[in-house]
Structures are given as structure tokens and as C-alpha cells.
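Below: a set of structures, written as C-alpha cells.
Heads up, the next two complexes both have subunit A, just with different partners, subunit B and then subunit C.
Right after this comes the complex of A and B.
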């Protein structure tokens, strides 16, 4: 130790460096085995969802076997980093993958600028010429379409239902079959809600997720098909004025639970009875609240009016092929292999409960299987029945700002209504939404394209 | 019991306050440990520890995330190498700035300190392009080279070494010691407390580093532990137990190192704090 001038601390790091290099060297053989053989045709594919990653990993060997000399370099990239990394890669023209899956809330940000500068290949022609357009739920192409061009294949549909505590609902004499509209639902809600003891539904009073779902169900949204901000149109104002009294004021029936431990406890204790439940969330409930297995059930979302759509949508993923892809035909073949292979889609549904966008796959056995957690309901069928009614939603490069603005408008309206429940909320909501929409428009107008 | 240790009301109040603050600080850590010991059914049912304790989360962590072990070694390797490289270059630079007079010394020092005011995020894009052109993206070197010199470390060593008496250096020179020999045999041995503190600070910085490794590393096998853990945060679902187990594993080395090196760390930070 005397000969080492940096002392005990630094010496420890020398030892650590030696040990760790030894371990990495030992593992190097394994890594080399995974490297691509020289001269191989490679398709680099980024995904952000580990469930997709695991499913694709199983299915890619079959694709590689059918395409000798082709190697798929599947990479799992954290969703938080993916959008930034891809955006940078497009701008700097560096390290761009051949294919990539993007979450719906960030997909719009990639459609900025002139069409020729969008980093994704235009798939419109391929989608129509291969008949794919007719095989998939049309509404799901909308978020990935910009100026009439489709840049992404939809991975899913994400219809929304309500998950609820069946046992408690029955005890309280709630017949969900008689709940057809939101008016019916609210009426029951007023009957069974006891402030700070029991609430009818989990609704956020600070984030826009649930409000957005309700907005979509009413035919509203953030943008119209031309990318114009519609946050302050009559639908948005009416939805806001309808939603806020559900989560604020003396007659509220909703309570905001968030995620994780609080949500689990609230559902287990019967503190909250109904929850918004897109297909992907049905699996989250199974994993995070296992103690209520067999006591939960699903019902279609109440309609806005009699005969209206009994669903909405929440979340989504697109698959895009980048313009930098050297072999777009090969990438397309891989996309078809992953998104259209029925047995594979069925298996993925078993793992994730996510309904694929290709409607022809829904007749697979997996979609008819009864789910014990949801009191023996055929989970796939229940979502598939609603899928054709999933509303259209449109996006824009400014979707992130628009989402944040809707959230801030909701917070302002909740504060206003909590302070003055007797006042008419409409003028305030109108002004607040207009202010938010104008902020978004200001940003849009700064963009010369 | 001497006068300082007597239980005065002020002292009792201070202890109660410190205890309360310790509870506030430690509660999330206890929650973290508790979460790693709970089974899937108990994860959110019990706030802290469940009646049944399980190691399943750790087993799942290593079984389901097949390269996690490698990720841990990656982090260990990168952090220890970075510490050593930074220590060598930063102390050398600190030595030259503290003990040599040369043209441009002052502007260099000011320029160096000025770089501390530039947020790292600003330099990321050009640095990424540079590394891409050098073919260092997705390599260990892409992380080690940009972090080889720490301006903070140079400044720390400059301050520490400037307190080493010049007479010691002169004596070494008269005995025929080379300039590097002076650095190696005279200056660094008397700066050991600062070296210990710097090593720990540098290790923590590299071990916990997230953004830059996230940008540079693409291959799962090269991921550091924080990146590997962030991959577990799913969009549609999360394995909370596994995530907590991974987080605990990520926290432990820093905790252990601090326990082992706390004497040197405190000595380094307080060196020169008391005027003799």
C-alpha cells in the first residue's frame, strides 16, 4: 500500500476495476456469440415495451429462418429516452434504426416540418396496396396519419371499459346492465357515494388522462384531422363542465387515486368501485391488485346518450419504418410477420391482454378464453365487441403541449368549482380552455410549416 | 460524563429533532427494503413489511433479466475505471495549477472554472456527434473518455495541493526526484484524505449517471445498472417487486463504500476547515 500513492480508497477501486474487467472478459465470449456475422443483412428494431420485446424475441427466429442471411437486431429502449434519442438521431442523421415502435403520446412530435423531412417512411401506398387498410381498425391509423400520409402501423386498439368491484356493486344493488348512459351512471353514483368513505369512480382531478378519454368519447380531442387545435371547441367546453362536478364540489362521485399502493388499497377496501380500464390496464389490475381476483368484472363505458358508443380509447403504439432504412421491403416483411401473424397475436394477447389492431385475429381461441380475475368474463371478446366503436383521435407535433394545457385547464376549473360550486362553471371553463388553446396555437403559428 | 455530554434541554430537543429528521430520511429506504421482501400478492396490500417474507423478487430479477448480472459488472467496471482515470488526470492537472508558474495559467484556470457553469445538456449533442464520428457510440470508451477529466476534481486537488509546503517539493528536487516523481512520491501521499473524498464523489457520480449512458449505450449487454433498471419501468405494466430489488442492489454499493471510506471522506471534506 505504501508504494501506491493514492491511498486505501483508490486502491479499492483498482481492485474493483481488475475484478470487474475479469468478469466482463469472462462474459465476452457470450457477447461475441450474439454479434452479427460479417456480411449479414441487418434490420435494427427499437421497442420500448418489455412485453413487446419479450414477445418479438420469441417470434424473430422464425422470421430469420424464413429469410436466410438476415439478422434482426432487436433493442429494448426505455420509453423515456426513446423519443429524445430518436428525435436527435433524425435531426443529426445519426444512429437511426430501421424500424421503431413509438408510444402514441410522442408519435405526433415526429411529424414536424415539411413532409420530406419527416424521419419515417410514408406507408400509405403499402397499406392500401397490400389490403392492410381493410384488415385493421381504421380509427387506429388516425393518430399516425399526418397531412394525409400514414407513417405508422397501429399495434393495438385500446378500447376502454369500466372495471369494477362486482361483489360490492351487487351488495349495493347496482345492476350494471341497467346503466346505459353516463346519466344513469351518475345517478347511481350519487346514491352510493359517501364523501371520504366510498366513491363511485376513480377520476383524476389534476391530470388529463381520464378527461381525455371522456373527450374522445364525445368526439372531441386535441386536434382536428388538419392538425388545428380544438381544445376550446364546444365539445371540449361541455365535456369540461360535465367532468369537473364529478371530481370536485359537494356532489362529486369521483376521487383521484393515482397509481400504485393508494390505488390498490382503495380497490381492495372498496373505497372506489369503478375504474377506467383500457385493455392494457386490465392486466395491470390483475398484477397489482391480485387480492380481488374473482371479485372484479368489466362493463362497457356508459354512453354519452342512448345508442351512443360504449367505449373510448386510452394509449397506443405505432410501428414506423424510418427513411434511413436500407431495406424497407425487408423491414415491411418483418412488420407483417410481427403484426399480422394470428397465432403470434393470440399468444401476445395472453401475455398482455392487449387487443391487436388486426380485427381478423380476434377469432383466435385466446380472445374467447374466460378470465377468472374478471369473474369468468371472456376478456378478449368483451374488448373486441367495442373495438369498432373506438373513436378517432388526431395528433400533431404539439401534442405534448396540448396535453399539458388540458391538464392545467382541468386544475384551474377544479379549483374554481371547488371554491364556487354554485356558480356557473361554463364561462370560466370557456375562458380557460380558450387561453390554453391559444397558447398551443401560438406555438403552432411559430412553426413555418 | 463531561460537561459537553450532559443532557441539557437544548441537547434533548436537538436529539429529538435529529431523530425526527432521521425518520423522515430513512422511511423511504425502509419502504424500499420492505418492498423487496414482499410477494406479488402483498406488494401493495401492506404499507411496509408483510407477514411473509420472500426472496422471490431477487430471484426473478436475475432470472427474468438475463443480462442484469452483466449490467452490474458494467457499472462496477465503468465507475471504478472512471474514478481512477479522473483521479490521475485531475490530480495531475491540480498539481500543475497549484505548484507551477507558467504562461496563461490564470486564463486557463478561469476558463476551466467557467466550464462548470455550462450545463452538461448543452454539450450533449455536439459530443454525441463527435463520438459517433470517432466510432465510440455504444462502447465503454464513449463513457470513459468524455469523463476522463473532472474540472471539479482539478479544482479540488488544486486547492488541496496548494497547501502542501513548497519546501517539501524543493527537498525532493534536491534529492534528484523528477517532477512526476514529486507528484507520485511526495504530493499524492500527503493528499490522501482529499483523494478518498474525491474517489467517493466521483464513484457516486458515475455509478448513478443516467442520461449520458442512456444516450451512448444501445446494446443491452453494455447497459449500466441505472439504464437496465429504467428498462423495467414499463409503459403498460410494472414489476414493482423486481424494480425495488434492483434499486436496492443499485443503492447498496454506494452505501457500503461510504461505510468503508467514511473516515477518509470526512477527513477530505474537513481538511483545511480548521485553521491551526
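Right after this comes the complex of A and C.
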């Protein structure tokens, strides 16, 4: 070191450079040693939901056993990280997994730009030639279809019911069998709601999630099948004018404190009695609010009018095979195993309570089993009965903006209604929704692709 | 094997001494050119294109900049960022200076522990602070409402929604940022206060100056360079706000975009919708805005004038 002409500090830098280079080489050698043996095939599969991850972890060994020499590399990735990173990896031609599950609200963003730039393989031909189209709930293909091409297999149906505190409802003399329409529901809500103490339903006054579910139930949405923004159509305006008095003003029956621990506490305390409950959320409640086991129950969503659909939809997942997948047939076989194999689907339902999109699977024993958490209700049957009525929803690359705009319009209408509860909300809601829809249209029109 | 002659040795050392400085700065220079200069120039070029990722791009001239001027979301983002920067800096600096003055008093016991306590929130990172304050602000059961409701029952009901009410989002963000950064800036002021010549206080006392006059006549001029530095870095930091609102508002811009900041808007456009051209235009607009505001601050505090005079004086010498 004494002979080194540039002093101790420079010497230390040189030493560090050599040590770190050595470590890099060692790591490279180690990863080479862990490579699959020659002739072995690998499918890399990313999922974002831990419930899906756990379920697939159990069913993948059967697939590997049926396909000797095949290894499925299943990875759980955070939803936000997955959407943003995968989108950028597609656009920059970087390394991507062979198969990916995408959450419905992100799916549209992958369909931006020319068809050749979409990172997912077009599955339309495979879906029709294998007869899959007839086996699955058609409505669930809509969000994953763009310009006539289907880029994803639907994982689920996600019909929505209302979960409620059965014990408190009974104490308060609420007979859910007598609630058929939203008008019936609101009438009961006005009777039992005590502001700042107890609310009939968990409804958000600041985010569009619950409003969106109500909008879908009424046949509305963000976009039409051609990708045109319909946020300001008559259905949206009527839904907004109906929804806002439920969460604002002196006669409100809904309030939402948020998600996570606060929701757990609100349900435990009976602060909110009824909650929107798609199939996936029914399992979340079981996991997150175990203290109310046996005190909860489910009822179909009240209809908009007598004889109307008693459900809506909330959330969803698609499975896509990427264009860079080296073995698309193998990936397709895995997709069939996970999404169409009946015994696997039954087992998955037991673990996740999520109704699969393949209707043939719903007659299995698992879907008739009674659930103790929901007071002995046959969970699968209750959702399967509603599944054929699940509304269509269409997406677009601009779905994120549209969702944010609907949320903004809701907040503006809530503020207006809170300040002037006696004034007619309709002209304000109409103008606000028009403004929001025009913002989305401006962005769509800017898109040169 | 022949021994090198003295002349050879001397020549070799001369070459080494001439080349060595360039070799030492080469790693930084190369890295900076690749990861600093190239992206800067590339982003300037990209801002003139409509893009769908790096593969597809169409030249649109200044259309991205023109769009930003008319875009209501960008206006909201700019307004929110300005409001946050103003209130954050407005409270942050006096509080940091006040704490520094307090903790520089010799009569306070446990000063070292208190300094660490006030500085420690900064060690946590914005992600942790966001999660922590997200829990504190929870309506009905959150600590903030539980603490404030008994004091102001009519003003702050128990179910006050700090993060769901658009008019409360900004105060909630500023409060969280104060908790995080006041202690950090306090350290700068503590260092500055220790550097003020104690003889000046002695002289001021002899001249009959009380504590307030000593503060105005000795402390304030003494810590001015550090104050200007803190003012500018705090302002620039405020303009780069992203993680705190994004995580506190559950990966969104909050109700009615009340928490949308310029950097969040840039991220959404560049990395969610894939329009790198528009994102680059937002980035350049932000850089320009920060430059103008920083120069304005330097001018207002007189620092720019002093620097220019010093420059002229230097030349004259």
C-alpha cells in the first residue's frame, strides 16, 4: 500500500472495485449453476393477488407432473408494480414473463397504441377454436377485448351481493327478504341510520368504486364497446343524482371510513351494517374480520326496479400470454389447467371464494358447500345464481383517467349537495359529468394511434 | 532485468500526474454523460413527440406544451404543488429555526436526545411516514381525530375525513411533511447558530441590546446564508413531492385530485399511460418553474445581488 502513488483513499477504491467485481462474477457463476438442465422447459407466471398465488401454488405441481421436464416459475408481484413495470417492459422490448394476470382496472392501459405494440398475444383464434367462447361467461371477455381482438382469459365473474351484519339486522327488525329494490333498501336505511353512529351501508363519498358498481348495475359505464367515453350519458347522470343523497346531506344512509383496519373496526362495531360484497371480497371479510364469523350473511343486491337484475360487478382479473413467450402452446396448456380444469377450479373456489368464469364448473360440490361465516349460506350457489346477470363493462387505455374523473365528479356533486341539499342536483351533475367526459375525450383525441 | 533510470522514472511520474486527474474524474464524467446529459437531452427531444413507449413516436412540435397550458389536471397539479410548497416552507423554516434556537440553549437538559428525537422522523423515509399518517388520519378511530375532537367537538367531528375531503388533503399533507422535515432543517440552523461569532453577542449586550434585538441584529444576519440555502432546498424538495401523497392517498391523487402534484402527474403520464413525450414536457416545465422560483428567492433575499457584486469585486481584484 505504501508503494501505491495516490494514497490510501485511492487504494481503498481500487480494492473495493476488485472485491465487488469478484462478487459479481461469483454471483453470475452461482446463477449459471442454478439454470435448468438441458432440455427442460420453463414458464414464468406473474400474479398480483396473494389468494390466486396460494391457490396456483397448490395446483401447479399437478401440471408439472403431467408435463415432465416443465417447470412453472410462479411469482407474486405487487399490483401497482406489476402494471407499471410490465407496461414499460412491453414498450421497451425488455424481458417479460410468459404469462401474467392483470387486474381489470389496469388491463385497458395495455391496449394503448398500435396493435403491433400490444405486448399480449391475441387469443381470439384459440378461444374460438377450442370452444372456450361457449364455456365462459361472455360478459367477462369484454374488458379484455380491444379492436375486436381478445387479449386475455377471464379469471372470474365477480357478481356483487350485499354482505351484512345479520345479528344487528335482526335486532333492528330488518327483514332482508322484504328488500327487493333500492327504494325498499333506502326506506329501511332512513329508519335505522343514526348520523355519526350507525349507517345502513358502507358507501364512499370520495371515490368512485361503489358508484361504479351502481353505474354498471344500471347499464352504464365508462366506455361503450367502441371505446367512446359515456361518462356523461343519461344513465350516468341519473345514477349520480340517485347516489349522492345516499352519502351526503341530512338524509344520508351511507358512509365509508376506508379500508383495512378501520373497515374491520367499523364492521365489528356495527358502524356500517351492509357492504358491497363481490365474491372475492367475501373471502377478504372472512380473513380480515374473523370476530363476526357466524354473524354475517349475504343478500342479492337490491334491484333498480322490480324484476331488475339483483347484481352488478366489481373487479376482475385477466390472464394474458405475452408475445415474447417462447412456448405459447405450453403457456396455453397451463392456462387451461388453471382456468378450465374442473377439480382445480373447485379447489380454488374453496380457497378463494371466487366464482370462475367457466359456468360448467359451478355444479360441483364445492360450490354447494355451506359457509359458517355467512350463517350457513351456500356461498358458491348464491353467487352462481347471480352470475348470468353480471353486466358488461368495457375498458379503454384511458380507463385510469376516466375512473379518476368519475371520482372527481362525485366529490364535486357531494360538495354541491351538502351545501344546497334542497336544490335540484341534476343540472350540476350533468355539467360536471360533461366536463369530466370532455376531459377524457380530449385525451383520447390527442392519441395519434 | 535493467533498473529504470531516474530520468525514466521522472518522466513516467510526470505523465501519471498529468493523466491522473482526468482518470480520477473519468468515472464520474462518463457516468454523468451517459446517465445525466444524455437523458436530459433525450427528454428535451422526446417532449416534442407523442409517444407510446420508446418504440412508437410521432413528431408533434410544441403540442405537448400547448396541451399542458390548457389541461385542467396539469393546472390542478401546479396549483397543488405551489400551495404545498408555500405552506410547507412557510411553517417549516420558522419551526426549524425556533427548535434550533431552543435546543441551542444550554439550560435545556437532554439536548442531544431531543435533537435526535426531532431529527429521527427524517430517517424513516416518505413511504413509512405516509403509511403512519394514513393510520393517524383515519376517521372515527384515528389518533388525530381522537385527540382533536374533544378539544374542538364542532370544528373536528370524530369522523372527519382528512384524506377523503378535498379541502383537508393539503393541510394533512403539510402536517405530515412538517413532522418529517422540521427536525432535518433544524440541524442546519443548529450548525449555523454555532458558527455565529459569540463576541458579537457580547458586543450587542454591552450596547444594551436585549434578546430580541440580539436575535435581529446578530443571529439573523449570521445565519442568513444557511437560511437561504434551507429556503431554496426546501422549496425544490417541495416541488418534487410525490411519494408522500401517492401513498397516503392510497396510490391515487386523492379526492378531486386534491393531492395531485406535478411529479405525480408526470409519473402517471410517463409510466402508467406510456406517453413519455408529455411526461418529458411536464418534466421540463417543472425544471423551468423551479429555476424561476429559485432565482426569484435568491433575488428577494439579496443573495443574487451579493454574489454578482462579489463576482465583479473578484474581477477587479
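Here, the second predicted complex is superposed on the first by the 412 of 449 C-alpha atoms of A that agree within 3 Å, B and C clash if a C-alpha of one lies under 4 Å from a C-alpha of the other, contacts with A are read in each partner's own complex, and residues count from 1 in each chain.
By our rule, a contact is a pair of C-beta atoms (placed from the backbone, for glycine too) under 8 Å apart; a residue touches a chain by one contact, two chains touch by 3 or more.
Only a predicted model underlies this, so the values are computations on that prediction, with no experimental measurement involved.
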Of the two partner chains, subunit B (first) and subunit C (second), which one does A:352 touch, if any: first, second, both, or neither? first
Which partner does A:6 contact after superposing on A: first (subunit B), second (subunit C), both, neither? both
Have a look at where A:307 lands relative to subunit B and subunit C in the superposition and call it first, second, both or neither. neither
Tell me the contact category for A:131 with respect to subunit B and subunit C: first, second, both or neither. neither
Can A:88 be said to touch subunit B (first), subunit C (second), both, or neither? both
Touching A:289, do we find subunit B (first), subunit C (second), both, or neither? first
Touching A:80 in the superposition: subunit B (first), subunit C (second), both, neither? both
Please indicate which partner A:265 is in contact with in the superposed arrangement: first for subunit B, second for subunit C, both, or neither. both
With the two complexes superposed on chain A, say which partner A:68 touches: subunit B (first), subunit C (second), both, or neither. neither
Give me the intersection of subunit A's contacts with subunit B and its contacts with subunit C, in residue numbers. 5-6, 10, 80, 88, 92, 261, 265
Residues of subunit C defined as touching subunit A within the complex: 13, 16, 20, 24, 50, 52-56, 58, 60, 67, 71-73, 135, 138-142, 157-159, 161, 163-166, 250-253, 255-257, 268, 271-274
Touching residues (chain side subunit A, partner subunit C) in the complex: 5-6, 10, 80, 83-84, 87-88, 90-93, 109, 112-114, 117, 196, 204-207, 255-259, 261-262, 265-266, 271, 397-398, 400-401, 404, 407-408, 411-412, 415, 439, 442, 446-449
Complex contact set, residues of subunit B against subunit A: 40-41, 43-45, 47, 70, 73-74, 76-77, 79-81, 83-84, 87, 91, 125, 128-129, 132, 137, 184-185, 188-189, 192, 195-196, 199-200, 203, 214-215, 218-221, 227, 230-240, 257, 260-261, 264
In the complex formed with subunit B, which residues of subunit A make contact? 5-10, 12-14, 16-17, 19-21, 23-24, 27, 31, 34, 48-51, 75-81, 85, 88, 92, 94-95, 103, 260-261, 263-265, 268, 280-281, 283-284, 287-291, 315, 352, 354
